[in-house]
Amino acid sequence: MTTTTEAPAKTPLVRLTACDKSYGNIIALGGISLEVDAGEVTCVLGDNGAGKSTLIKIIAGLHKPSHGSYEVDGVPVTFDSPREALERGIATVYQDLAVVPLMPVWRNFFLGNEVRKRLGPVRRLDIDFMRKTTKKELLDMGIDLRDVDQPIGTLSGGERQCVAISRAVYFGAKVLILDEPTAALGVKQSGVVLKYIVQARERGLGVIFITHNPHHAYPVGDRFLLLKRGKAIGYYSKDEITRDELTAQMAGGAELDELHHELQRGGKAAAEAAHVLEEEVQELGITHEPTAGS
Amino acid sequence: MSQTVATPAPPARDERLGRRSALARLLARPEMGALVGAIVIYIVFFIVAAPFREATSLSTVLYQSSTYGIVAVAVALLMIGGEFDLSAGVAVTSSALVASMFSYQFTANMWVGVVVSLVVALAIGFVNGYLVVKTAIPSFLVTLGTFFMLRGLNLAMTKQVTGNVATNDVSNIDGFGSAQNVFASQFTVGGVSIRITLLWWILFVAVATWVLLRTRVGNWIYAVGGSAPSSRAVGVPVNRVKIGLFMAVSFLCWFTGMHTLFAFNTVQSGLGVGNEFIYIVAAVVGGCLLTGGYGSAIGAAIGAFIFGMAQLGIVYAGWNPDWFYFFLGALLLGAILLNTYIRRRAEASR
Amino acid sequence: MFRSRKRLLAAVLALGLVVTAGGCSESGGKQAEEGAAGVGAGKASTARITIAMVTHGAPGDTFWDIIQKGAKAAAEKDNVDLKYSSDPSSGNQANLIQSAIDSKVDGIAVTMPDPPALIPVIKKAIAAGIPVVAINAGITSFAESGVLSYFGSDESLAGEAGGTRASEGGYKHVLCVIQFQGQVQLEDRCNGVKKTFTGKWTKIYVNGADRPSEQSTIAAKLKQDPSIDFIITLGAPDALAAINAIKDSGSKAKLGTFDFNPQIPPKIQSGELQFAIDQQPYLQGYEAVDSLWLYKANGNILGGGKPTLTGPFLVDKQNVDFVGKFAAAGTR
């Protein structure tokens, strides 16, 4: 495991040290350490069930770690609710984006943080301000919406993701947790979202980017945490790992090997597939030795 | 959708917005379909029913519509917030019974009964809302339960307290006159008698519309109905909003109950059953989505107007009374179809 | 004691809210009106028996409440344990009768709104040795069912009485207001009116569960056909809605009604209501229990195989003062 202690003056925005989380006797997460600096993207990679969502829930304040420490700006914290995490500048953009599809873009943008102005004894929404701000904030992120009054459900998946990101940024997020933002998107839309992740980083935010796709993670990430069955199987900074190594780690060299053997036993057509797989493995530069036995 | 980043200084108003006409924007409002439906039904009865054309008839129709429409406003807000209240019909009767029996039994000023009844009504709304948010059982089922319970309570309590199934006449209790002025008076404008419920109805619709479109609570109502988990994630107090909506329904049930009491002096404990569906029909005809998150208070008002107009229009037209419910159903279905058609057109033109 | 229990309940109803001294009414209210005297009598010394009364009454209807009151008064006097149950659907009513048979009661009083559905189970009761009397509905088929007696009104006859009365007043066009669709006895009343009324006859259906709606609908009808000069409502509460509707529409129509309740006498006294046709439900309930008791105690049968009529009893300005005071007590 690499350390970043060579720059002690710099306190990371978020630091997890040896965090465990167990539900009864099921260990969902074991001994995870992670750091996020301002202006950095930390990617968390792993397959389904690797513990990614448990990790997010701890950082977002939905769960407390069973063991280990969680520090924000170098101060140990225990969050009782996502609201508390939010107050410390840790914002989460979930897969469902926490948007209400039928409501206009600007109402979604300010939902839960409505800006109001006084009108005698009552307070009413400052609609003009919210419309303009939404438009401006989205434009700053590079999204030019025709009409901020259109229901957010009419936007494309990438655009919706970006509205959610710029909303978090506008409301003072210092650390942005993005939960599989590209999972349900096509190549083009994914590219759009990655662009905004870079934008957020350029603005000096710390980003935690959850994904299972190394091709999305590598171009934008500064650090990579690989999870498997609740354990860290690697934690690298960008100069320590190449894209192919990352892919190989993610794909799991040993598993590819097994798959290869299995296919070889399956007759002619399957053997052909096995050959293709073998080439791919070599291309990726997987250096894993075949396991003994089968 | 284009992704072009335009000139460095973004114009305050997008030039493309101007091209989307004001008419298209208006047509996209949830209540537009219902408004067109109301106009069509009005024209139909205006042609076929001579008495319908008179101003006094319109006044009767508006009175009838207002007694549905007042509760329908709150039912629409609740539906936008993603919930139903099947107990609304009998809750009207409960409020009237409580006010009447309290003042009579304690020989108290009528206004004391009115206030006690308000407290009881709000408590009913709170219980409905609390059960829905705490149990996470669909409100359709929870309020079906409270509907039957209230129905039983209305009868059992009335019998226990008065010994009869209707309340005693309260018209000579102190404060009856002033309460009647507030809840059930009428006045004449240009020879046409106007019921005060009409004014209250307009007021409630205006307030509800303003709350929905111009306040934070309104934003939250749309949000909790559109997606409760998302609302919760961004910090909207979903449970409080929902409980508040149930209490808003019971508040307007109380109001309508007060009207019934002061218009008729006595209340029968079996009244109100079935009206809960009229309120829901008014909200849906008015453009509220049954699944929540979309609709308007004005739409519900127009829906109630359509219902009242169809109900009385059939009588004004002198159509065979045996076929009354058939005609009523056909008119409502027609209004809903027209509404849906217009909304689809509006959406297509976006 | 009974009085204080009522007060306790009212207090519970108020959710513990304290009435302030300034909130008292100087007129009206309970303190100003004396409690009902009720029908009191001595008590029989015969052995205690159980009688089931199974009706098609809707819960919460004044009319059925008065039937129950009559039955209770007789039960108290005759040392009878009265079990009242009701269901407007005839299938359910048949089940209720069956459960009375199963619990081996000493006598059953039933209404017969739907004879084909109820006669089989009534015959079962008779076969089980339980005496049965019919009340209120079923005048045409009580003999066929084998019950001992029938106490009730003939709805058609009552309707005819209303029609005759309206004709005598010289009215030209009567409107019959039906508050629930599809109920035979209501249709019978209206058809009875039609039979004897000399002028034009029209009927209308209204929503009896919604007073303002009922009122508006009647007002609309009066507007639609200004020639209507007399209205007959089929239930007492509906008459109150009709009174408001007449005021609303500016019509000159007069009003008569079927049935009776405490609000009716003042309206007759004030002239807003011409007459009320009472079928004396109290008497139906009372006689049902009393006749079963007489049968058990002394082998008597009332009516001689013919219906015993409890109505129509016409209340108008002439006799309203006399009948009105009983209505105020909730027994008419």
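Note that the chains are named A, B and C in the order they appear, and that numbering of residues resets to 1 at the start of each chain.
Just so it is clear, a contact is a pair of C-beta atoms (placed from the backbone, for glycine too) under 8 Å apart; a residue touches a chain by one contact, two chains touch by 3 or more.
Nothing here was measured: the structure is a model prediction, and the numbers come from that model.
A.B. asks: Please identify the chain with the largest separation between its CA centroid and the CA centroid of chain B.
C.D. replies: Looking at centroid distances, A is the chain farthest away.
A.B. asks: What chain pair shows the greatest number of contacts?
C.D. replies: Highest contact count among chain pairs: B-C.
A.B. asks: Would you kindly tell me how far, in whole Å, the mean C-alpha position of chain B lies from that of chain A?
C.D. replies: Distance between chain centres: 45 Å.
A.B. asks: How far is the middle of chain A from the middle of chain C, if each middle is the mean of its Cα atoms, in Å?
C.D. replies: So the centroids are 73 Å from each other.
A.B. asks: Report the inter-centroid distance (CA atoms only) between chain B and chain C in whole Å.
C.D. replies: The separation of the two C-alpha centroids amounts to 34 Å.
A.B. asks: So in the complex, the part of chain B that touches chain C is made up of which residues?
C.D. replies: Touching chain C from chain B are residues 49, 51, 54, 56-57, 60-61, 63-64, 67-68, 98, 101-112, 116, 119-120, 123, 154-155, 157-161, 163-166, 168-176, 193, 259-260, 263-266, 268-275, 308, 311-312, 315-318, 321-322, 324-325.
A.B. asks: For the complex, which residues does chain B have touching chain A?
C.D. replies: On the chain B side, the touching residues are 1-6, 10, 12, 14, 16-17, 20, 210, 214-216, 218-220, 222-223, 226-227, 229-231, 233-236, 289, 293-294, 350.
A.B. asks: Quick one: in the complex, what on chain A touches chain B?
C.D. replies: Chain A reaches chain B through residues 82-83, 86, 92, 94, 96-103, 107, 110-114, 116, 122-125, 127, 132, 135-136, 139, 142-147, 150, 154-156, 159, 192.
A.B. asks: Which stretch or stretches of chain C touch chain B in the complex?
C.D. replies: 6-7, 9-10, 13-15, 17, 19-20, 22-33, 36, 58-62, 65, 181, 203-205, 207, 209-213, 215-217, 219-221, 223-225, 237, 240-241, 244, 248-250, 261-263, 266, 330
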